[in-house]
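Look at the two complexes coming up: chain A is in both, with chain B in one and chain C in the other.
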Partner chain A sequence: MAAKPKIAVYWTGGCGGCDVSFLELGVALLDVLAQIEIVFWPALVDTKRADVESFAPRSIAATLVNGTLRTEENVEMVHLLREKSQLVVAFGACAYQGGVPGLANLASREDILHRMSTNGFHPTPPPGGEREDAPPELLPQAKSLADEIAVDYVVPGCPPMPPLIGLLFDALLSGDLPAPSHVFAHDKALCEECPRTREDRVLSKVVRPHELIPDPKVCLLDQGMICMGPVIRGGCGAACPKAGMPCTGCVGPTPNAGDPGLAMISALGSLVRAGEEGPGAFAAEDKLLDALVDPLGTFYKYSLPAYVRTGRRSNR
Partner chain B sequence: MGRGPRIGVFVCHCGKNIATTVDVPRVVEALARHPGVAYAARHEYMCSDPGQDVVKKAIKDHRLTGVVVAACSPSMHETTFRNAAEEAGLNPYLVEIANIREWCSWVHDGPVTTDKAIRITRAMVEKVKGNHPLEPVEVGHAVKCLVVGGGISGIQAALDIADAGYEVLLVERSPSIGGRMAQLSETFPTLDCSQCILTPKMVEASRHPRIRLLTYSEVESVTGYLGNYHVTIRKKPTYVDPDKCNLCGDCARVCPVRVPSEFDQGLSERAAIYVPFPQAVPSSYTLDEVNCLGLNPLRCSECSKVCTVGAINYDMREERIEEDVGAIVLATGYDLYGKEMMGEYGHGTVPDVIDGLEFERILSAGGPTKGEVRRPSDGKVPKEVVFIQCSGSRDPELHKSYCSKICCMYTAKHALLYRHNVHDGTAYVFYIDIRAGGKEYEEFVVRAMEDERILYLRGKVAKVFRDGDKVVVWGVDTLTGKRIEVAADLVVLAQAMVPSAGTEELARKLHIACGGEGFLKEAHPKLRPLEALTAGIFLAGAAHGPKDIPEAVAQGSGAAAKAIAILASPTLTHSPEVAEVDEDLCSGCAVCVPQCPYGAITPGDVAHVNELLCEGCGTCVAACPSGAMRMKNQTDAQVKRMIQVALGGEPVEVSRG
Partner chain C sequence: MAEAPFEPKIVAFLCRWCAGAGADLAGTSRIAYPSNAVPIRVNCSGRVEPEWVMEAFRSGADGVLIGGCHPGDCHYVSGNYKTRRRVYLLRKVLAEMGIEPERVRLEWVSATEGAKYARVMKEFVAELKKLGPLSLERKEKEPTAAPVLPRVGS
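Showing the complex of A and B:
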């Protein structure tokens, strides 16, 4: 019997949801676990950085990294894991394009630290501790995994959905690997999977989810909810729209969409009709779109570091 | 191909148009060094035969895989050079024009001009590198034409097309063809009786073996595309069999209903069963369902009882006529801007303030007063009549900004005919300017002013109001600076011309555009005045803008010639430079569908583009959220590369003496 492939799972600046998402595989997880050897997974097994350092280069078959890169320690660890791994997979929205923690890039590091501790936050060792026990330095900006190291594959989602995780393990365990940079999701947009009907393709108002109990059958965008579905890859089974919530884009944009915010702005600009014709139409449409609060957080909820260049201005 | 692109670049001097501000040899030199360019040359006039020969020879000698002609706008000579390339064996869609005249030499001077010309040309070279050879789309077509509107313009178009040997469907909304011209008394400047010159054409249209007349009918829907329009026409029931009706009029005499006559502009009454005017075509009565006391259940049926020929049939049903047509002529005509909009002239509430068409009916021998000039309120012969020109026209603040073009002429005619009719009457005309451009038009106005002693007062009327049985007009004569007050018996407003009711709705059904004032919009104001932007749809008469009779007739004939060109061609071709869907990427979100101004996209699991309907505008490509929609030979990758090349690199140093 051939040796089981060695797998590592690591978390950087994440919420832990990606680690938990493996459980969503249910019984299938037992089959997967039986076929792999976990060599490093801080959330699950007691392994330390020193263990990883002792591994031979490229001895890990695949490392799955979840979380955004936020600290210097995150960066050191992913470089270490890259060296020891044949494949590195960005697992989840944070590792893929920065994720929700990436929205912090709208504020400077100094502002963030000031807000956490009004006197300013200085990483210091705990009482009686050594200097290396101090919390690691925060990076100036949150980064996606690909900003630091080469990424072979992506399993997107916040957290990744079981069918997409399944696709990854099918590929890893069968050895039938897709082309580099493959994203384990659909190339077509989510609308393909969405059972809602699209008839009157006009955006005549903008509402937030808490302002409307949507019609259960009609496209949410047609009802005024800013659903990212037309821009975002399918593969999630349109879980959110099916439940009456607009897609917020966790699976990331389709391969040809480019910048998801720009694609969405272009689509909304095409669909918006304020019901006014003639010279006043543009102003009326602008006003209608003003109801869209937090455009950056809407369009780039999971991808701000990947698409939006943010300054280092301090608000203080 | 296979060994990389071999692009030929041909730079035109355009005499001095380009060469004065662009250093043409420098452009040739720079492009010759550009990657992928196998040959670069220049010519005084690239579009001339010798110039085209340079292109053709180079294609063969240098085995070119693409051509860029740096010259004038592609709307000028794109076809010229694509045809030349095809003759030399190169697919025409591998030829592109770099516009270094309108975009560059005409609008800049100094050394930047040459630099910009080089950048524009380089960008087009990059585009051509990404082009694929394409074949025009060929399609068969129907050999019938739809003409919408039975006024003089539509009648003329229908007759010309039918005379050329093609079937015509002539659709008219009202019970008779004839349109506005049938309502007029006499025509300027010859004072021909309007009906006398119109009715022969009406009769000819009704008798023509290839014209199918559909009166009392409206276009319900239009689908399809150039050469293959599928039209559905709704023909309302007239409840009278036109073949049996002998126009005896007994039915109308016994009908208990009286409503204002549309034909007489409300100045007389008609029954619910009526013929709009004696020479109506088809010559038959029409039972107006809306005003009849009741058909279902029958409330009256007096008309049927007296009809000795049994022409009246209360069971007549609405008909739906579906036809395939190759071309469509729109001649839907005009209405007058409502008097009720004229607050300064009494909001249309003063009975003796009438509009031009009402005065036409009063002057008309077949009109409500049998051609005697009598005013509506009390039937008296008006001794002082004020004509107000530009009523609602040339008034961007309150009304319409445009000139309605025919009012100067018909007001002169009105005043003149009034003076012929009432010898001791006085006619005043308030005008802003007199616009009498047309054959013998100026002479006609001069005749009105001088021979007929009509008082022309240059100025606007500030207010019109009723005082006893007089209508008082306050105005200013700007030539003498004096305030003028006339206690008139009748005021005639030369109301602005507006598109007929329903024009915009029809335009929407046909996916064609209306201009800001609602008139149907032409494809090009100078060079394509008869065509809508959608291929195969043509415009005629006042639906396109204010026009007089000769212009409406000329445009009707012109539109007919355009339609015949389609009907007569064996097959039609359509440009292959259209949008296409990447079915592997399209999610069927249908964001593109309402964006298409031509209705070319059908939603579904994946969107489908009808390449015969698509005009290649690219709106869907911009709207597509997932980048699944692409323009053939104009992909995002090509555009990005063009931008990179146009904006990249160091400016070219040019020293000029």
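Showing the complex of A and C:
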């Protein structure tokens, strides 16, 4: 019997949700575990950085990295894992495009450290000298994995959904690997697999999810919810829209949409109606769009580091 | 040697039916106006994607002018209305990014308004000179792998 492929899973600036998401495979997880050898997975097995350093180059078949890159230690670790691995997979929205922690790029590093230290967190070693356990330095900005190392594949989602994780393991274990840079999700928009029906094709109001119990059959955009479905990849099974929540874009944009925020601006510009179009409706249209609170955070909830180069400087 | 004064770079997306013809008229009428803009003629201002505006900024533009037909005059009935809403939303997003929203300007210029085109260009150049050059913080390093994110048009 051939040796089982060696798999590593690592977390950087993440919440742990991606590590837990493997459990969602259910009994299929037992099949997967029987066919792989886990050589490094801080959330699961007691292995240390020194163990990884002792591995031969490219001896790990695939390393799955989740989390945004936020500290110098994150960067060192992913370079180390890249050297030791044949394949590196960006696992989850943070590793793919920066994720929710990437929204911190709207504040400068100095602002973040100030906010943390006024909450009792001291990022620098205490007086009395350097300590080995001092926290690693914070990077100026959060980064996606591909900003630092070559990424072979992407499993998107926050956290990745079981069908998408299944696609990854099917490919890894069968050896039938897709082309480099493949994203394990659909290329078509989420709307294609959403069971809701579009009727009006206009956006005549903007409501937030807590303000409305939506009709279960009608398109959420038609009902005034800012759903990212038109620009976001399918593959998740439209879990959120089915549950009455608008898509917030965790699977990332379709290849054709490109920048999800700019694509949404384009889409909403076409959809918004406040009465008959014309100069008489301009003020009402603007007011309608003003109800969209924090458009930047809404459009780039999972992808700010990948798309937005902020011009904002420190407020301090 | 004294540093050359800042001359803002402008990309002007002009619709072929109104603003583009207006810009032409400004030229054939020999109206003097600043030569800071690179005009790009499009069929309709409604064709201007927000992506193009950002691409102009990423490519070094300090301001982007979008010229369309006056309300009611759009050759395609409602293209300029869509543009107006997109620009309104785009400017809000730019402000959140830390980019001055005034760097994107939408103007209605008819085919007979060569003088207005010249005035808009003078005003816009003056405003951008006040704002100064746009500095987008570039990524420190481009991805080393084949790009994970295929971009439109690449």
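Here, the second predicted complex is superposed on the first by the 299 of 316 C-alpha atoms of A that agree within 3 Å, B and C clash if a C-alpha of one lies under 4 Å from a C-alpha of the other, contacts with A are read in each partner's own complex, and residues count from 1 in each chain.
One rule holds for everything that comes next: contacts are C-beta pairs under 8 Å (C-beta built on N, C-alpha and C of every residue); 3 or more make two chains touch, one makes a residue touch a chain.
Bear in mind that the values here come from a model prediction, so they are computed numbers and not experimental data.
> After superposition on the shared chain, which partner residues are touched by A:Ala90: those of chain B (first), chain C (second), both, or neither?
The second partner, chain C, only.
> Identify the partner contact of A:Val20: answer first if only chain B is touched, second if only chain C is, both if each is, neither if none is.
neither
> Between chain B and chain C, whom does A:Val308 touch in the aligned arrangement: first, second, both, or neither?
second
> Is A:Glu285 in contact with chain B, with chain C, with both, or with neither (first, second, both, neither)?
So A:Glu285 only meets chain C here.
> A:Ala146 contacts which: chain B (first), chain C (second), both, neither?
Touch partner of A:Ala146: chain C, not chain B.
> Please indicate which partner A:Leu177 is in contact with in the superposed arrangement: first for chain B, second for chain C, both, or neither.
Neither partner.
> Applying the document's definition of touching, compare chain B and chain C: which contacts more of chain A?
Comparing touch counts on chain A for chain B and chain C gives C.
> In the superposed arrangement, which partner chain does A:Ala263 touch: chain B (first), chain C (second), both, or neither?
Touch partners of A:Ala263: chain B and chain C.
> Just chain B (first), just chain C (second), both, or neither: which does A:Ala28 touch?
neither
> Could you say whether A:Val293 touches chain B, chain C, both of them, or neither, answering first, second, both or neither?
Once the two structures are laid over each other on A, A:Val293 reaches no partner at all.
> Same chain A residues contacting chain B and chain C, which ones?
Of chain A, residues 255-258, 263, 266, 270, 278 contact chain B in one complex and chain C in the other.
> Inside the complex, what are the residues of chain A that reach chain B?
187-192, 198, 201-202, 229-231, 234, 253-258, 263-264, 266-267, 270-271, 278
> How about chain B: which of its residues touch chain A in the complex?
516, 582, 584-591, 593-595, 603, 605, 619, 622-628, 636
> For the complex, give me every residue of chain A touching chain C.
Checking each residue of chain A against chain C gives 90, 96-97, 106, 146-152, 154, 180-181, 183, 252, 255-259, 261-263, 265-266, 268-270, 272, 277-279, 282, 285-286, 289, 292, 294-297, 299, 306, 308-313.
> Could you please specify the touching residues of chain C with respect to chain A in the complex?
49-51, 54, 58, 71-72, 78, 81-86, 88-90, 92-93, 96-99, 134-141, 143-152
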